[in-house]
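Across the two complexes that follow, chain A remains constant while its partner is chain B and subsequently chain C.
The block that comes next holds the complex of A and B.
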């Protein structure tokens, strides 16, 4: 690696992967609870398993983003990180706080956890994805502010590139929009309104900037294409992301009690939301197609291309599938939403973090690329996880369409639970697809320990 | 006749503009303006099908023919699923929506590969649907 301080990225990446494993285990538990309702009850009730599954996802992606930034920024800024010690200190704080929160979810009843952690002082808990206790939320703010201070200072003292600027913009946006998680008005309409300012403006706003910056960085490194060419694409992508994504928030205002005009604004702008993801796919294919050299890290190139394709399918196509208000009137909150959520998170954010880990980890371990056998196993992991996720999405989509019909369209509509009984076949198939995904993840883990063959030495 | 092409490492779009336009229209037809973009593509094809640049001919022919076959595949089978299964049958919707989404997405991704090849000044053949060899 070019700068010693880039090494602080390594523990972040390791923690991210560890929490990723936890997330998938809880996903498998929940998948089984859809079929066998009292599986692991009362030790791990469904609502707790779901909370752990989604919270672990968010936390490990944040670890991944931070690790990525600590790796990328010194190289982009051409200077050492402002404070590697601060980065390591914040890592341990974040890891311990995150682990305690998960243990709290699992061992303490949620309402007791709320009482213990100051929710009566400022009520912020109980909202999907933002279930974290107040002290954890404050901890996240402290860690992220320290992280942004460190990263911003590094950029300010060194070279400013479009890639690092877009990354910084995304990361600052992430921090600023998280602040709305502290605002929890009594009025449920307003509560939902601002809740989406965190959830939507993260994943369909500022996170896209982070994703584009990460992808651009890796593509510059593995293709050798001129930075100016890649930067031009980057500008187009972030413009499309912000123009469509910000007003696209309106697709969450359809049925929460907001004015009716949001059905138009939300439908039109969110119908355009596939465009940035489409541009990213074209961008990734384009750059890899015109590369000036075969990079020895073939696995990283595969992850980069996969990110483009899967993000477009999951976030773009599956998002569009149910984003128009007249369609969403029927599909809202069904398994179609779950299908979209799974593929979009995997395609856009899981894969981009795995892309940067795949590129950076060998370098952090002193080589440009892993030995051939390790890369082959990693590519197996890529295909098993990606195909597994495609099947999860397809089965959930099928379940969702049937659910919508039986529960909402049929002349003799069924109750929610009676409908669930009719979806068991798809839930079983989804669970097996999840097992396939997990096998892929295990291959991914093993690939880090595979020796043999010749590793490509890192450049000096 | 040898054709000078810009350096792909220095230019954003080194490929021939008409080939890029053909691939872009193929994608626009799938995503933004179905029908209208197809008509524009046919006009472009008729106007430039004898272009001196083989790359232009390649992309025009591939996109136009794939557009026709892809459209037929998408529309006829989707309509067939609903006609055979009936609109009142939930399984028609399960199979119909999944089929349409799958084929439509596949065509878009192939179009992305085609656009990328056109932008970089390379030939492209759409798998299965694209004509096997370019004449002239």
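The block that comes next holds the complex of A and C.
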């Protein structure tokens, strides 16, 4: 660790991993509810489990991004973090607020929670992914602004690299687009239209900047390739991301009441959205092939390469699969959407956060890389989780194709519920693939505690 | 990635391209807002329908159902439920939950008043009238 203040990243990473475990447990609960409909009802209805699953995902990724920034920015700026105390204070605020929100979901009826937390003053709740109570949303804004203030100040007083500028831009964009979560017009079409300014412009916009910056940072460190080369790639990737992704928002405007020209704008631009993900894959492999050093942290290199491949598959290939309007007409809101959502989130954002954790955590613990045995276990975790996710995606895709066929294409369409009964085999297989994913996650946890062998000393 | 293409050039293309396409997006948004009155069924967005949307949100219906194809995939599409089932069925259905049928997916009991049920129905009627370019492909959603 070059700068003392980088140490504040550690609690962020630990919290991220902890919440990740919670997310997956609720995923498995829902996977079972898909098959055994009354499982845990009425203690945990499906909609509550889903909120917990998706909100934990978003919150732990935010913890991951913030931890990553606290780790990277001092090193990029070549100066200590402006205020490590602020970073630590915000950590506890965010953790407590997040935990209280989840406990609220689980223990308080949602409409009571809404009443208790000011939803009648400004109604923002009850929309997918933005279910958080008003006070939680305000809390997120406060924490993120404090965080941005801290790292922006650090960058301003130190060296300004392309990596840190792109990271900052992505994080500021994240904060700005989140503000649309406070806008909830009565008009459903307008509600949905601007809802995507948070969701789409995050994952297919500004988050790609964050992702590319994290990947670039780790690649500079583990390959030793010249920064100029890597930063040029970085700009090319994020150009492709925003040029395609902003207008690509239109792929969500086909069937919600917006004008029909969006079918053209959305199809054409979003069909190009795989390009930045493809470029990231080529980038990662290229840099590793041209490496000037053998970094002892093999696990981190594996995660970096895996991110490239899986993000391209999940976002690029599975995104393209259903993004053209004539296809989306049939697949919209089906299990195919769920298949894509899973692999894209995992391949891009879960994996990039695990990449930076894999690289930074050993250093934060005083060594360049973990002992051989710990790394081997971490690589097992990589394969189990990644292959598990590939299977989840394939089974959901199969379920989705059958669903679309029976319910939407057939001359004698079946009802939604009757169709679901036909998909049980695939839902069972998805659940088993989920168990495999969970075993991988447990291996991942254990890998942090494996000792023995020879750890590579710090500053190798 | 030859020597002539420098990092500064890449950076400038990034800023120029992003700003251009963001402005284009804003222009399209502006035009969308102009077109919406012809498509979004605002005539049926009554006070009652607005109250219905509030009930929809505060019970987190979107956590199980899709609405115009967005939401969760655990329970049927409701954007066209007004047409598929009609107002009386919708109200009776909500009141009868949960079915308690063993092994079947369960919907919670929300204890809605008659007035609240009417508001929800008004919301579904409004939603059903939005011009969705013929989506869903058939009545089953």
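One rule holds in what follows: the second predicted complex is superposed on the first by the 459 of 460 C-alpha atoms of A that agree within 3 Å, B and C clash if a C-alpha of one lies under 4 Å from a C-alpha of the other, contacts with A are read in each partner's own complex, and residues count from 1 in each chain.
Definition applied: contacts are C-beta pairs under 8 Å (C-beta built on N, C-alpha and C of every residue); 3 or more make two chains touch, one makes a residue touch a chain.
Keep in mind it's a predicted model, so treat the numbers as computed, not measured.
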{"item": "First, second, both or neither for A:55, with chain B first and chain C second", "value": "neither"}
{"item": "First, second, both or neither for A:231, with chain B first and chain C second", "value": "second"}
{"item": "Partner chain in contact with A:394 - chain B first, chain C second, else both or neither", "value": "first"}
{"item": "First, second, both or neither for A:289, with chain B first and chain C second", "value": "first"}
{"item": "Chain B or chain C, by number of chain A residues touched", "value": "C"}
{"item": "Touched partner set for A:309, first chain B, second chain C, both or neither", "value": "first"}
{"item": "Touched partner set for A:260, first chain B, second chain C, both or neither", "value": "second"}
{"item": "Which of chain B and chain C A:164 touches, first, second, both or neither", "value": "neither"}
{"item": "Contact residues common to both interfaces of chain A (with chain B and with chain C)", "value": "229, 232-233, 409"}
{"item": "Parts of chain A lying in touch with chain B, wherever the complex brings them together", "value": "224-226, 229, 232-233, 274, 278, 281-282, 285-286, 289-290, 292, 309, 312-313, 317-318, 321, 394, 397-398, 401-402, 405-406, 409-410"}
{"item": "Chain B - residues contacting chain A, complex", "value": "8-12, 14, 31, 90-91, 93-94, 97-98, 101, 104-105, 108-109, 112-113, 115-117, 119-120, 122"}
{"item": "Chain C - residues contacting chain A, complex", "value": "1, 5-7, 10-11, 13-14, 17-18, 21-22, 24-25, 28-29, 31-33, 35-36, 39-42, 45, 49-50, 53-54, 56-64, 66-77, 98, 100-106, 108, 110, 126-127, 130-133, 135-141"}
{"item": "Contacting residues of chain A [partner chain C, same complex]", "value": "30, 33-34, 36-38, 41-42, 45-48, 50-51, 110-111, 114-115, 119, 123, 125-128, 131, 162, 184, 186-190, 192-193, 228-229, 231-233, 235-236, 238-239, 242-243, 246-247, 249-250, 252-260, 262-263, 265, 329-330, 332-335, 337-338, 407-409, 413-417, 419-420"}
